[in-house]
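Submitted below is the structure of interest, expressed as C-alpha cells.
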Amino acid sequence: MDLIAMATGFLLILIGLFGALTNRNILRMIVAFAVANTGVNLVLVSVGYMTGRTAPILDSAVPVAEATARVIDPVPQALVLTAIVIGVGVTALMLAYAYRLFKTRGTLDISRYTDLKW
Amino acid sequence: MQFEWIMVPYSLLTLFIVVNYGLLLTALMQKIGARVGRRHGIPIWQNYVDLIKNYGIRSSITHGVMFYLGPVFRLTGGVGLLLFVPTLYGSEMFSNLSFAGDLILALYFIFFGSLGMALGAGESGHPHSAIGVSRGLSQVTTAELPFALAVFAIALQYQTLSVTEIVAAQQGSVWNWTLFTNPLAVAAAMLSFLGSMMRPPFDVVLAPQEIPIGPPTEYHSSYLALMQTNRVIFPIAKIVVYMNLFFGGAATWPVFFLKVFLIYFFSLFVGVVFPRFRVEQSVRWFLVWALPLGIAAILVV
Amino acid sequence: MMQSLYDRLKDRFNLGEFTGRRADLAFVTVSREQLRPLLLHLRDLEGFTHLVLLTAVDWIEDDTFQLTYLLNDRARARDIGVRLMLPRDDTQMDSIHDLWPTAATYQRELREMFGIDFPDSPRVNEDFILEGWVDIPPYRREFDTLRFARETYPERPGRETHDPATYMKQQLYPDGEDNG
Amino acid sequence: MVSPIFIIAGSLGGAFLLGLLRDPWRGASYVISLLVLTFTTWLAGSWLWALSSGAVTPVEILTAGTQPPFAVNLRLGIAEAAMVLLINLTGLLSALYLKDTLFKQGRRAMAVLLIFSMALSGIVMTRDLFNLFVFFELTVISTGGLILLSRDPRALAAGFKYLVASQVVSILMLVGIIFAYHATGSLNLDDMAAASAALLRGGALAFFLVFIAVVAELKVFPANGWALDIYESAHPAFSALVSAAAGSASLVAIDKLLQIGGPAWMDVASIIGIVSFVGANLFALAQRVDRRLLGYSSVAQIGLILFVVGQQDILGERYLFVAGGVLLAHAVGKAGLFWLSGLVAGRDLTAWSALRGNPLLLFAFASFLALLIGLPPFPGFYAKWELVHAIAAHDHLLELALLLFGALVEAGYLYRWFGYAIKREIDHEPIAPSLYKRAVVCVAVLAGWLLAYVWGELSPHDNLLHAVPVLFALAFLALEWLPARVKNALAIAGLLGWFAFSYPAYDPLQLIFALIVLAGGALILLASFHSDGRRLGFYPSAMLMYAGLAMLIVAEDSFNFFAAWESLTIGSYFLILRGRQSEPHALSYLVFSLGGAFLILAGFALAAQGNVQFLLVSLAEVAEPLAPWVFALLAVGFMTKTAAIGLHIWLPGAHAEAETDVSPMVSGILLKAGLFGLFMLLMTMGRQELYGVDLAHVMMWIGALSALLGNLMAAFQEDAKRLLAYSSIGQMGYALFGLAMMNHLGWLMALMFVINHYIYKSMLFLSVGGVAKRTGTRAMYQMGGLITLMPLSFIAVLIGIIAMSGVPPLSGFGGRWIFYNAIMTSEYRLPMILIFVSGPIAFLYLFRLIHSIFLGQLKDEHRRVKEAPFWLVLPQMIYVVCLLVFALAPGLALRRVDAYISNFLPQGALSWEGLTITSEFGYWSPVSIMLIVGVIFVVIFAWLLFVNRRAQKVKQFNIVFAAERPYRPETTHYAWNFYAPYKKALGFLAWPVFERFWAAVTDLLHTLAELLRRIYTGNGQVYAIHLLAFVVVVYLLKEGL
Amino acid sequence: MKDELDKRLDNQPDGPERRGSLKDIPVREELLPRWVKGPEGQEYVVEPLQDYFCQAGPTVQTPAYTRIIEDLFNWARAESLWILGFGTGCGAIEMRPLMTPRFDAYRYGIQWRPTPRQANLFVISGYLSVKTLKRAIRSYEQMQNPKYVVGLGSCTINGGMYWDSYNTIKRLDDYLPVDLYITGCMPRPEALLQGFDDLKKLIRAGKAEGANHYAEHFDWYKANQKRVIKDWDMPDYSW
C-alpha cells in the first residue's frame, strides 16, 4: 500500500517535472509543478505511513499512552502540511508572475523571455 | 704596478715611434695595394705631406660642440688604446700605462673613439654620416663577436686577463704562440680583424662611391688631420693587441715592426682580392663563418 | 604594311596627309579632336604600345607648331608618327600622360622649351632643364639665341671663328696640297 | 543579553506590523522597517561582540519548549553571529539604499524585505533540516517579491526563471529531507550528524538530494543561468543582498550539511566549488555588462568559499578564519560593487568612467576590487595565504593550480574594468547624486577596511595595517586635498626618514637595495615637483609601491615578503595606469605581475609545508623532491618582475606609456624587486636540479636570451621610451645572467647592474621624458638636432649612454670588467655567446637614441623648444654626478657588498688595494683610467682648439649635399628605421613570438568564454534542465569516484 | 595667415623688396617663409633661407705663420692635391685615366675625394651650363681655404663650341677664381698632368691664393653669378 503510494508519488513528480520542462506555456508549467508538488507530498506522506496504524491525532480513539504504538509518525504529516502551505504560496507567486508577464510581454511562452542571456 | 712620472716620457716615446711607423706603414700598404693594380702608388712619405697639409688648411667650419669633439674622442680612443696595452713584452720602457687595466680595458676602450666619432658625425647633420654610422654599428655588432669569443677562449686557456701574462705564456718557442696552441681562436679573431679594418670586403661603412665617405663626410682640415693621425695609430694599437694575444707579442722593435706589418698585410691581402659586401651580407657572413669558429674555440679550450 | 594600316584608319578617322617614309615608318596628320581617339586606337587595337617620343617643330612661317607623337609597335617592328598642327597663338594642348605616363616628361620639356602648355599634366609647371628662365621659351624660333648669349654671357675678347673645314686644311696642309 | 530569537521574531513582527499599517503611511512604514533592521543588526552585533570577547558562550535557542529533535532549535555561535550580522547589516544598508524604491512600492515591499532578511538569518541559525527548507522557501518567495523592486522590465522574466528553478530545487530537497528523516529518524542536524554513518550508508541518495539542493541554491556553475539573469536585471541593492547575504546564508547551510556528510562530501563540495570558481571567472571574461559580470564574479566567489568549506578538514582550526575571510571580503566587496553600480547610469563596463569625477567613489571601487581579489591588506589576502598553504601542504596541487588560475582570471577582468573606469572617455551620464546611496557605499568601504584591520589582528602575522610604510602610503589618501608639491615634499621626507630610521638594521645587500629604493626613490621624486595641481591618486599609489619595496627588503618571513610583493605590485599598477595611453599595458602588467606573484605564493606554500609563518632563511632547508620545484616557481615568479624573455611583453608598454616621472620609478626601481627576490632565492636555495637539469643553468640561458632579444628589439624601436623599456629587458637579462652564474663575481656584477641600471635608466627616462614633454612626441625620428636647445638633457643622455655601453672610463665598464672576470670561473660557456652578441647591440640602440633625438637636423616645429623643466633636469644632473663618482670609486658601494657576498660564495672575492681593483685574473684601476683618458683628451682638445681656433660656426643645412642642397629637415634627418640593413639580416630574431603566444592564450580564453557561455540561452526551461543535468552528473561522478 | 605673413615681412627693413624679388621667379614652396606651430602651441615664422643657413660671408684667410712655415705648408699643399670628384662636363671622362696604371696620378700626391670639404682642388671639367654653374659655385664655396680651381678645356675659357648657347657660360673666371686653364677640346690626360705640375709650381710660389681673391672680390663674383643664375635660392656664401 505505502509502496503504491510512494510509487505514485514519484510518478507524479516525474510527470510534473516532465510537464514543466516540455511545456513552453508558463501556465502549463505552473500546473505541472503543482502536480509535481502533489507527488512530493504524496511521497512525504507515504514515507511516514506505517501499515496498520492510525492518524496521529490524539483524541479519544487514541489515548496518549498508546500513541507511540498506535499512531504513525506525525512528523511527515506536519511536514506535508507545511509543504502544502509553502507550495501554495509559491504557486500563487508564480501565477502572479505569469499574470504580470502576460500583461507586459503579451505572451506566455517561456522561450520568448530570453532577452537576458549569456 | 703603480704610476710613475717616468712613464709619461716613455709613453710619449712609444707614441712617437708608433705614429711614424704608422704613417710609413699605411703608405706602404697603399703602395702594395697599388702594385696589385700595377700602379706605382703614392710616395712613401705621402702621409706626412697630407697630414701637414690638413693641419695647414686655413679655414674650417663647425657644426656644433659634438662635431668639434668627435675627432678628439677619436684620437683619444686611439692613443688611449695604444697606451693601455704594453707595446713591447718585457720592456719597462714600453709597457706604457698598462697598469691602469687589463685586456678587458683594451677590449672596451676600442669603442671609445668610435662612439665619440659617431656622435660628432651625427651632429654634422649629414644624412650620409648617419647612414655610415648605422652601417658601421651594424657591422661591428657581429664583426667584433668572434674576437670577443677568441679573447674569452685564450683568457680561459691562460687563466688570466693580463696581457703581459698572456704574452709571457707564449714565450720560449714559436710553437707556444696562441696561433699554434689555439688555432681556432686565432682564426676566429683574424676574421674579426678583417671586419674591423675598414678595408674591402667590409668597407661599406665608408663606401666612397656611394655615401661620399660615410661618417667623416663633413670633416676637413684639422679635424681630418686628427682623424688621419688616429688612422695611423689606431690600427697599430689594435694590431698590438692581436699580436700580444695571438702571435707571441714582440720583445724588440724590429720584431714588433715585422709582426705588425704582417698582420696589417693580412687585411690588405684579403682586401685587394675580394669585392665589397653589403651590410646585411657581412653581418650574415660573420655569423655563418666566423661565429662558429669562435664558439668552437671556447668549447675546446 | 603602313598603307593598309592607313586604309584601315582612314575609315574611322579623318586623317590628313599620309607620308610613308619606309616600309615600317609612316606619318599621318590628325586634328586635335581626333588625336586622342586615334592614339587610343593605335595603342589598344593596332599594337602601338610604346610612345617613343613626343616632340615639337616650330613652323614659324606657317604660324604653327607641329607636334609629333612617335609610336612604336614592338611586335611588328613598325613605327607611326602622328602629327598635329597647333596654332602658335593658342598653345594649349591636351595631355596624354594618362595614356603613357612617360608623356608627362615630354610635355614638361615642351612646356619649358616651346611654351606649349599641357594643363593637368603632372608637374608640368616645374622647372625641367632650365632653372630660373625668365625669357621667352628658348626653342621658339623668334628667340634669338645668339643675341641672348651675347647679352647674357660675357665673352672673352679675342675669340676668332673659323670654318672648320678650311681651317683644318690650312693647319694640316699649309701648302695647299691635298693628297688624300 | 537579548535572546537571538528576537532576530527572527523582530523581523517577523516588524513585517506583520507593516501589514497592519495603512498604505499611505510610507514614512512610518519605512521608519519601522529601518528600526527593525537596526534592531536585528544591533542584536546580531552585540552577540558577535559578546561571543568574540568570550563574555558568553554559543547559545542554543529552543523553541516550543522541548529539546530537539522534538522541536526546532536554533544556534548562535560566533560564526553564526557574524553571518547574521552580515545579513542584517546588508539588509539595513540595502533598505537605506532602496529608500526611493521602497517609498514607491509601499509597506508590502518593506515587509518582504524584512522577511527576506529574517529567512536568511533563519537559514544561518536553524539546526533543523526541515526548518532549513522552510527558510529556504521563504527566501524563494521573498526573493520572488523583491525582484519586482527593479524598474527593469526584464526582471520579471528573470524572476520567473528563478521560481522555476527553485521549484525543482525544492522538490529535490523535500524528497531528500523525507528520506533522510526516514533513515535517521530525526530532522535535527546534530542528530543527523551523529547518525551520519547510517545516513550515508542507507540514505546516501537522500543526503545527496538535500545536499545538492542546497548547493543549487548557491547558484553554482554551471547550473545557474537564472541567477545571472537576476543579478543583471534586479535592483542593485537587492543583487547586493542576494550576493552577499543569501550566498553567505546558503554557505552556512552547506557547512551544516557537511557536518553530516563528512569528508567524502567535502570533496564533492570542493570539486563543485573549484569548478564553479574557475568556470564562472572564465565566463566573466566575455562580459560587457557590469551587473552580469558581478553576477559571474559572485558565482565564482561563492564557488571559492564552497571550496574552502569543502577543505575544512585540512584547514582544521583555521577554517573559520579562512572561510570567514574569503566570505566577508566577498560579501562586502560584492555588495559594495552592486551598490556602486546603482550610482552608475550606463550598464556597459566602460560607463564606469563616470566614477572618475569622484575620487572617493573611485577609491571605493578600488577597495572593493581589492577585497574581491584578496589583495593585502584585506581579509581575503590572509585567508588565501592560509588556504594555499593548507592545500599545498596536503599536495592538492591541481586544486592549487586551478585556484590560482581562477584568481588570476578574476583579477584580469576586474582590473580591466578598473582600467576602463580610469581611462575611458566619460561619455555617459554622470553618477547619481543621491547622498544616502553614497553613504551606503562609504559604509561598505569602511566595513572593508575594518575587516582588513580585524583580519590582520586575527592572523598570526604582523598586521599589515600596523606597518609604518603602508600607513604612510595610506595617509596620503587623507592628504589628497593638499597641493602636489606639498605632498611631494612630504613623500620625499618620508622616504628619506624611513631610510635613516632603518639604516642601522640593514645588511650590506639590503643597504644597496634600500639606497636605491628609498634614497633613489626620493631622488626621482624630485622630478615630481614639476607637476602642479593636486595630482590625485599619484602619491598613495607611489607611496604604496615604495612601502612595498621598503618592506620587501627587510622581510624575514615569507608572509611579509609576499605581502610586500603584492603591495608594490598594486601600487605600481595604479602608477602605471596613470599614463595617457597606458590602459592595456597597465592591465598586462598587472596580470603578469599577479601571475608571477601567484607562482611565488605557490612556491612559498610548497616550501612551507603548512607552516604559515615561514622564515625565508628556511628555504635553505627545503628537502630534495620539493626543493627544485619551489625554486622553479619562485624563480619564474621573480623573473616575471624582471621581465625575463617570454614574460616580458608587459614591460615595454607599461614603461613607455607611464608618466614622465613614473617611468624611472617603475624602470629604475621597481624592476629591482625581482632581482632582490632572485638574490634572496639564490642565497638561500643555491643550485637546484630538476630532472638532472641545473636550474641555474636554465636561468643563465634565460638571462642571456633576455639580454640578446631585449637589446635587439630595442634597436628596432622608433619610440624613445619604448627603446629604453626594451633596453631594460636586456639589462635585467644581464643581471639575471650574473646571478645565475652562481659565483662571487657574477653576483657582484648583478649588484653593479642593479646600481648602474638604476642610475642611468632613471636618468635616461627622465631626460627622454623631458624631451618628449617639450617636443610633444616620443617618436625619435620626429625629433632631431635638439642638442643646442636642450644641452643639459643631452649631457645626461650622453653620460648615460657612455655608462650604459660599458665604454671606459665611466661606470658601465666596471660591470663589464667584473662580468669578464666572472665568466672565467663559470661552468657553462655556451650562454656567454649570446651575451657576447648582445653587448655590441647595445651600441646600436644607444647611438640611435642620442643621434635621432639630439643630433642631426632640427625640425621646424622644435625651433623654439626650451630646455626641459628645472625639476626634471635637477635629478638628471645629480645622476650625472653619481655616475661620475661611482665610476671613480665603485668601491664606495661595492666593497662592503663584496665582503658580504663572501659569506655565501667565498671564492673569487676582489682585492681593493689602493686605487687598483684586482681579481684572480686581472686588474683595473678606475681612477687611473679616468685620469689618463682625461689627460689625453684634454691635450688633444687643446691642440685642436689651437689649430682650429678660427672655425666658422655654421647652421644645420650647411652640409655638402652632392652639390645640391637639402630642402626640409624632415627629409634630411636620417632616423626612421635607422638600422634597416641590420633588420634585414637579423630582424627575424625580433619577431614578436612571445607577444603572439600570449595573445593566442588570451584569445583562446576569451573565445572559450564567448563560446561556452552560450549554454545560458536565456530560456528558463533550459536552465531547469541544466540544473537536473547538474544533479545527475554530480551524482554519477560521486558514485563513480 | 598669409596676410599676417605679409605684414611681418613689411615690418622688416628689406621685407617688401625681398617679397618683390620672390615674385619674379617662383620660389620653391619649401623655401618660402612659413608659419610653424610648436608643440606647446606657440606660433612663429620660419624663413628657411635665413634660419637654415649660415649667413656669414667669406673672409680673407691670411697666412698665419712665419714665412718658413707658410712655405712648408705651401709645399705640402702642392704635394697633396685632393681633387673634388665632381665631373661637370664632358672633360670628366678625361680625368678617369689619371687613376689608371697608365697615368697613375697618385704618385704625384694627387687623389680624388668624394666631398668638397676634404678637397682642395676643383677641376671644372668642361662646359658649365647655368644650372651646373650653380652647383659648381656651391661646391667651391664648401671647400676650405686654400683651394684651387683648374679650368679644363676651351669651354671654360671662352665657351668653346658652346659659344652661342642660350644656357652656357663662356668665361669661368667671371664666376670663380681660376688658378689655371688647360687648353684643348678636350685636353689629353698628359696635358692634365702637365697642368697639375704647373699648378704645383704656382702653389709653391704662394701665387695660388684664389680663395682669398674670391673673398676679397666677393661682391663682384656674386654679382656676376647672380646675373646669370636668376633663381638664386641659397645664401650668398654656401658654407
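Order as written gives the chain letters A, B, C, D and E; numbering starts at 1 within each chain.
Note that in this section a contact is a pair of C-beta atoms (placed from the backbone, for glycine too) under 8 Å apart; a residue touches a chain by one contact, two chains touch by 3 or more.
Source: prediction; values computed, not measured.
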Statement: Neighbours of chain B that also touch chain A are D
Statement: Shared touch partners for chain B + chain C come out as E
- prompt: Looking at CA centres, what chain is most distant from chain C?
  reply: A
Task: Would you identify the chain whose C-alpha centroid lies closest to the centroid of all protein C-alpha atoms displayed?
output: D
Task: Skim through the chains and flag the pair connected by the most C-beta pairs in contact.
output: B-D
Task: Could you please state the distance in Å, as a whole number, between where the Cα atoms of chain C are centred and where those of chain E are centred?
output: 35
- request: Would you mind pulling out the distance in Å between where the CA atoms of chain D average out and where those of chain E do?
  value: 68
Query: CA centre of chain A versus CA centre of chain E: separation in Å?
result: 110
- prompt: Among the residues of chain C, which are close enough to touch at least two other chains?
  reply: none
- request: Going through chain D residue by residue, note those that touch at least 2 other chains and give them in order.
  value: 950, 952-954, 956-958, 960
- request: Find every residue in chain A that makes contact with two or more other chains and list them.
  value: none
Query: Each pair of chains that touch: what are they?
result: A-D, B-D, B-E, C-E, D-E
- prompt: Considering the complex alone, what residue numbers of chain D touch chain A?
  reply: 130, 134, 137, 140-141, 144-145, 148, 153-154, 156-161, 163-164, 166-168, 170-171, 174-175, 177-179, 181-182, 187, 225, 228-229, 232-233, 286, 1013-1014, 1016-1021, 1024-1025, 1028
Query: Once bound in the complex, which stretches of chain D touch chain E?
result: 774-777, 860-865, 950, 952-958, 960, 963-965, 967-969
- line: Residue positions on chain A within touch of chain D in the complex are 13, 16-17, 20-22, 24, 26, 29, 33, 36-37, 40, 43-44, 47-48, 75-76, 79, 82-83, 86, 89-90, 93-94, 97-98, 100-101, 104-105, 110-111, 113-118
Footprint of chain B on chain E - complex, ascending: 61, 63-64, 72-73, 76-77, 79-80, 100-101, 104, 106-107, 109, 111, 113-115, 117-118, 120, 144-146, 211, 239
Residues of chain D defined as touching chain B within the complex: 785, 787-788, 798, 802, 805-808, 813, 816-817, 820-821, 823-824, 829-830, 832-833, 836-837, 839-841, 843-844, 847, 850-851, 855-857, 914, 916, 919, 921-925, 928-929, 932-933, 936-937, 940-941, 944, 947-948, 950-954, 956-962, 972-975, 978-982, 984-986
